[in-house]
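In what follows, chain A forms one complex with chain B and a second complex with chain C.
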Partner chain A sequence: MVQLEYVRKFILKDVNLHIPEGMAVGLIGESGAGKTTLLKLVSGLLVPDAGRVSTMGHDPGHYRKRYGRAFSAYFTGIPLLEPQDTVRSGYEGIASVYQMAPSVFVREYSMLTERLGFGEYQNQPVEALSLGQRARVELGAALLYRPRLLVLDEPTVGLDQEAKQALRDLLKERVEQGMTLLISSHDMNEVSHLCGRIALLHKGNLEFYGDQEQLHWQYHSFHTMQMRILGPLPDLGDIPFQQYQIEGDRLTLVYSSNYITSAEILQQIMGQTSITELVIRKADLGQVILRHSKAFLE
Partner chain B sequence: MNLKPYIAYARKSFLMRSAYRFDHIMQILSTCLQIFIYWEIYRSLYGSSIEVDGISFGMVTTNFVLSLGFSAGFYVNDFYLPQKIWDGSLVTELLRPISFRGRMLAENIGNGVFSMLFRFLPAFVIGVVLVGICPPESAAALGLFLVSAALGYGVLWTISFAVQMTAFWLVNIWSIVTIKNVCINILSGSMIPIWFMPEWLRNLIDFTPFSSIYFTPVQIYLGQLSGREIAGKCLLQVVWIVCMYGIGSVLWKRGQRKLVIHGG
Partner chain C sequence: MQSDTIHLIGVYLKTTAKAWFQYRVDAIMRSLAVFLREATGVVVIYLTLMKFQDLNGWNVYEMLFLCSLLFLTYGILIIFFTGLRDFGNTVRKGEFDRYLLRPRGLLFQIIFVNADWFAAVGHGCLGISLFLVTAGKVGVVWNVGTVLYYLFAVLGGVLIQGAIFLLLAALNFYLLETDSLKELLYYDMKKFAAYPISIYSKVIQICMIYVIPFAFVNYFPAQFFLRKQDGAVYPFACLYLTPVVGGGVYLLAYLFWRYSIRYYKSSGN
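Showing the complex of A and B:
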C-alpha cells in the first residue's frame, strides 16, 4: 500500500518502509524527528530529494489526485472544511467532490455525527466552533467517504477524552474492515491501542519498524513487579534486577526480561517465602520513547 | 469530466453572497453615486458643447454607466488563492480529486452571476433612470455586446488568476493587487474614457489587456466598430484570456512544484 525506499527529504535520511494493505502503523518519535515530513511524502505533498515513494502503486507526487476516494489525509492545523460553511454544508461539499451517492452520504454522515458527537452543532459555521469541536468535525470529514488509506498527523490535538475514545473506536473498526492507517501521534496510549506496527523516527532516521513486542524487547525490556510478602524477606542475590525497593511488607523489583523472565523470579521468591498480592507491569510506549530518547541524548 | 462538484461550488458561492444584504445595498449605492458624480463632472466639462473630439455627452454617459455597472458586477476575489496559502488549506485542495483552477473559476462564476443580478442590474437601472444612456446601435450590437462583455469578464478573471499565482513566492500580494486595480481603473476606460486619452497612451493601451475588459463591449454597444473590427477586438479578448490563463497556469505549476520541493 505504501513503500518508501532510501527516501531523503529535509531531516529524513535513507528511510525504508513498507506498509501492507490493511495495516495500522503508528509513527512515533520526538518533535522534529520527521514524522510530518514522512506523512507529507506519502500524501504527495512533498517529493523526495532522493529515493522513491510509492503510494497505492503510484508516485504520489504525480498521481495524488487520481487516488480520489481511496485516499484521505488530515494534518493538524490544516482545515478540511471551509470556515464559513456550516458543518453540514461542508460535509455536503465533500460528498459532492468525492461523488458520494446521497443515500450513502446520509448514512455515513448520521453515523459520524452520532459517533463523534457533533450533531448538536452541525448547523453552526465551522469558524464559530471551539478548537475541540472543530477537531471532531474535521476528523469526521477525513473519514466521511471511507478511504482505503488514511493518513493522520497528530489527530488527537484538541480532543477531549470522550472524543479521543470515539475516534479510537472508529479507527479501530475501519482498520478491521481493511483500511490502511498511518498515524503520527504523541499520544502513546492511542498508538499502542490502534497500531499493529510502530515506526520510530529519531532525528530523521527510522530507528525501528515492527510490532510493539519487538519494540519493547529492543528498546525497553524492563518490567516492574510489585508484591506483598507474608513470610520472611527473600534473598534476591541470584536475581539480575535493575533496582529494588522494600517498604514494610511490600517489595518492588525492576528487571529486564532479556535476562530473566517473570516466572523465573516468582519461582525463586516463592521458594523462600509466601506472597499475597502480585502486579507485573510492562513499560508503556511512552516510557519506551522516553528511554530511547534519553539513550540517544546520553 | 464530472461537472457536478463545480456546479455545487458555483451554487454555494452564489448562496453565500446572498447572506450579506447590507453590503450589496451599499455597493449599489456606491456605484450610483459614482455614476452621478462622473455625470456631473462631464456635464460641466461639456458645458453647452454637443460633442468633444466627435464624442457626444450621451456616449460618455453610456460608457461610464456600463463600465461602472460592470465593475460592480464583474466579481473577482483577488485573495482566493493567497488566503488558502495563508491558512494552509491549499494542501487540502491539492489532495482533492478535482481541479483547483476549475474550482476557482466555478466559485467566481457563482459570485459573478450573483453580482450581475443583484449589483449590476440595479445599479444599471438606477443609472439609466438617473442620467440616461444611449440605446444600443442595433439588436445585433446588443447581442455582440453581451458576448464581448462575457469575454471582458474572462479577461478580468484571468488577469486576477495570474496575479494571485504570485502569492506562492510573495505571500502578501496586497500591493500587486492594488497596482493591478489602479491599472484596470485607469486603463480600462471606466474612469476616463479611452477616447479622451492622448494618442500615445491609446496606442500603449492597445498593447495591454485592460481595454478589452470594459471598453471593447462599450464600443460594440455604441456601434463604433465595424463587423471586421468587432471580430478583431473579440479575437483579441480571446487572445488575452488565453495568454493570461497560460501565464497563470505556468505560475500555478511552478508554485505547486515549489510547495512539494520546499514545503509550505
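Showing the complex of A and C:
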C-alpha cells in the first residue's frame, strides 16, 4: 500500500519502509525526527530528494487523480474544510469532490456527527469554532468518504478525552474493516492501542520497524513484578534483575524479559518462599521510547 | 465537462455564496460599500467631463460606457478568480497544501472554491447600472450581431484579466511576495483603462495593447460600438480581437502556471 525506498528529504536519511494493505502503523519519535516529513512524502505534498515513494501503487506527487478518492490525510495546519463554510456545507463539498452518493453521504455524515459529537455546531462556520471543535470536524472530514488509506499527523492535538476515545474507536473499527492507517502521534497510549506495527524515527533514521513485541525485545523492555511474600525473603542472587526494592513484606523486581522470563523468576522465588499477591506489568510503549531516547542521548 | 464536475461547480458556487451572504444585512451593506467606493471614481470622471465637454472626442456617456465594461468584466471575473487574486496569501499561510490532497485539478479548485461575492455584486451592479444608463445614449444599434459581439467581448475581457491573475499567482512559486507586482500589473493598469488609451503616451499605449492587454478589455470593444476618431490610429482588426486575445493570453498564463507549479514546496512540518 505504501512503499519508501532509500528516501531522503530534509532530515530523513535513506528511509526504507513497506506498509502492507490493511496494516495500522504508528509513526513515533521525538519532535523533529522527521515524522511529518515522512507523512507528507506519502501524501505527495513533498517530493523526495533521492529514493522513491509509492502510495497505492503510484507516485503520490503526480497521480493523485487516479487513487485520490481512496486516500485521505489529516495534518494539523492543513485544514480540509474551507474556513468560511459551515461544517455541514463543507462536508457537502467534500462529498461532491469524492463523488459520494447522497444516501451514503447522509449515512456517513449522521454517523460522524453522532460519534464525534459535532452535531451541535454543524451550522456554524468552521472559522468560528474553537480549536478542539475544529479538530473534531476536520478529523471527521478526513474519514467521511471511507478512504482505503488514511494518513494522520498528530490527530489528537486539541481533542478532549471524550473525542480522543471516539476517534480511537472509529479508527479501530475502520482498521478492522480493512483500512490501512499511518498515524504519527506523541500519544503512546493511542499508538499502542491502534497499531499493529511501530515505526520509530530518530533524527531522520528509521531506527525500528516491526510489531510491538519486537520493539520490546529490541529495546530490552523492562517488566515490573510486584509481590507480597509470606515467609522468609528469597535469595535473589541468580536473578539478572535491573533493580529491586523491599518494603516490609512487599518485593518489587524490575527485569528484562530478554534475559529471564517471568515464569523463571517465579519458579526460583516460589522454591524458597510463598507468595500471596502478584502483579506483573510490562513497560508501556511510552516507557520503551523514553528509555530508547535516553540511551541515544547518553 | 463531466456531469459530476458541473455538479461540483454548482456546489462550490452555492456554498461560497451561502457563506458570504449568511448575514444578509451585512452582505448588503458590504456590497453597497464596494458599489459606492467604485462609483466615487465614476463620479470624478463625470464631474471632470462636465467641465471639459469631452476627452479626446469622448463625451461623458461614452466614457461611462467605457467604464461599464471594466466594472462588468471585473464583477464576473471575481466570481471565478478570487482564489487566484488571493493566491499569494493562500501560499504564505500554507493553505495550498489542502488542494494538493484532493483528487481534483488544482486550478479547478482554486477557481471554484472561493468567490468574493461582495466585489462581484458591487462591481457587477455598477457595471450594469452604467451600461443601462449609457447604452441608449451612445448611439449603439442593438441587434443580434452587436449583442453577440458584446457577450464575446465581455468573455474575452474576463479572460484577459483572469490571465493576469493567473500569471501573478504562478509567480508566487518563485517570489516571496507579489502584492506590489499585482498593484502595478493589474490595479494600475485597470485605472489607466478607465480612460481612452489614446490620451496616454505611446509607451503606455503599447504596454496596454501588447504587454498587459487591458485595451482589449474595454477600449477596443467600446470602439467597435462607438467608432471614435482617436481609434483610427490602431489596427482595425483590434476591434474584433478581444475574445482571441483573451483565449491566447489565458492559454499562455496557464502554460506558465503548469510549468511553475513544480517549483511549489511544502514545508517539512
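The rule is short, and it goes like this: the second predicted complex is superposed on the first by the 296 of 298 C-alpha atoms of A that agree within 3 Å, B and C clash if a C-alpha of one lies under 4 Å from a C-alpha of the other, contacts with A are read in each partner's own complex, and residues count from 1 in each chain.
Note that in this section contacts are C-beta pairs under 8 Å (C-beta built on N, C-alpha and C of every residue); 3 or more make two chains touch, one makes a residue touch a chain.
All values reported here derive from a predicted model rather than from experimental measurement.
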Clash or fit (per the criteria above) of chain B with chain C on chain A: clash
Partner chain in contact with A:Tyr145 - chain B first, chain C second, else both or neither: neither
Chain B versus chain C as contact partner of A:Ile11, first or second or both or neither: second
First (chain B), second (chain C), both or neither touched by A:Thr86: second
Touched partner set for A:Tyr98, first chain B, second chain C, both or neither: both
Partner chain(s) touched by A:Phe222 [first = chain B, second = chain C, both, neither]: neither
Contacts of A:Tyr121 with chain B and chain C, given as first, second, both or neither: neither
Contact residues of chain A, present in both the chain B and the chain C interface: 10, 37, 40, 43-46, 64-65, 67-69, 71-73, 75, 77-80, 82, 84-85, 89, 92-93, 96-99
Touch list for chain A against partner chain C, complex: 9-11, 32, 34, 36-37, 40, 43-46, 64-65, 67-69, 71-73, 75, 77-80, 82, 84-86, 89-90, 92-93, 96-99, 125
Residues of chain A defined as touching chain B within the complex: 10, 37, 40, 43-47, 61, 64-69, 71-73, 75, 77-80, 82-85, 89, 92-93, 96-99
Residues on chain C engaged by chain A in the complex (per definition of touch): 4, 7-8, 11-12, 15-16, 18-20, 22, 94-95, 97-98, 100-105, 113-114, 265-266, 268-269
List of chain B residues in touch with chain A within their complex: 2, 4-5, 8-9, 12, 16, 87-89, 91-92, 94-98, 259-261, 263
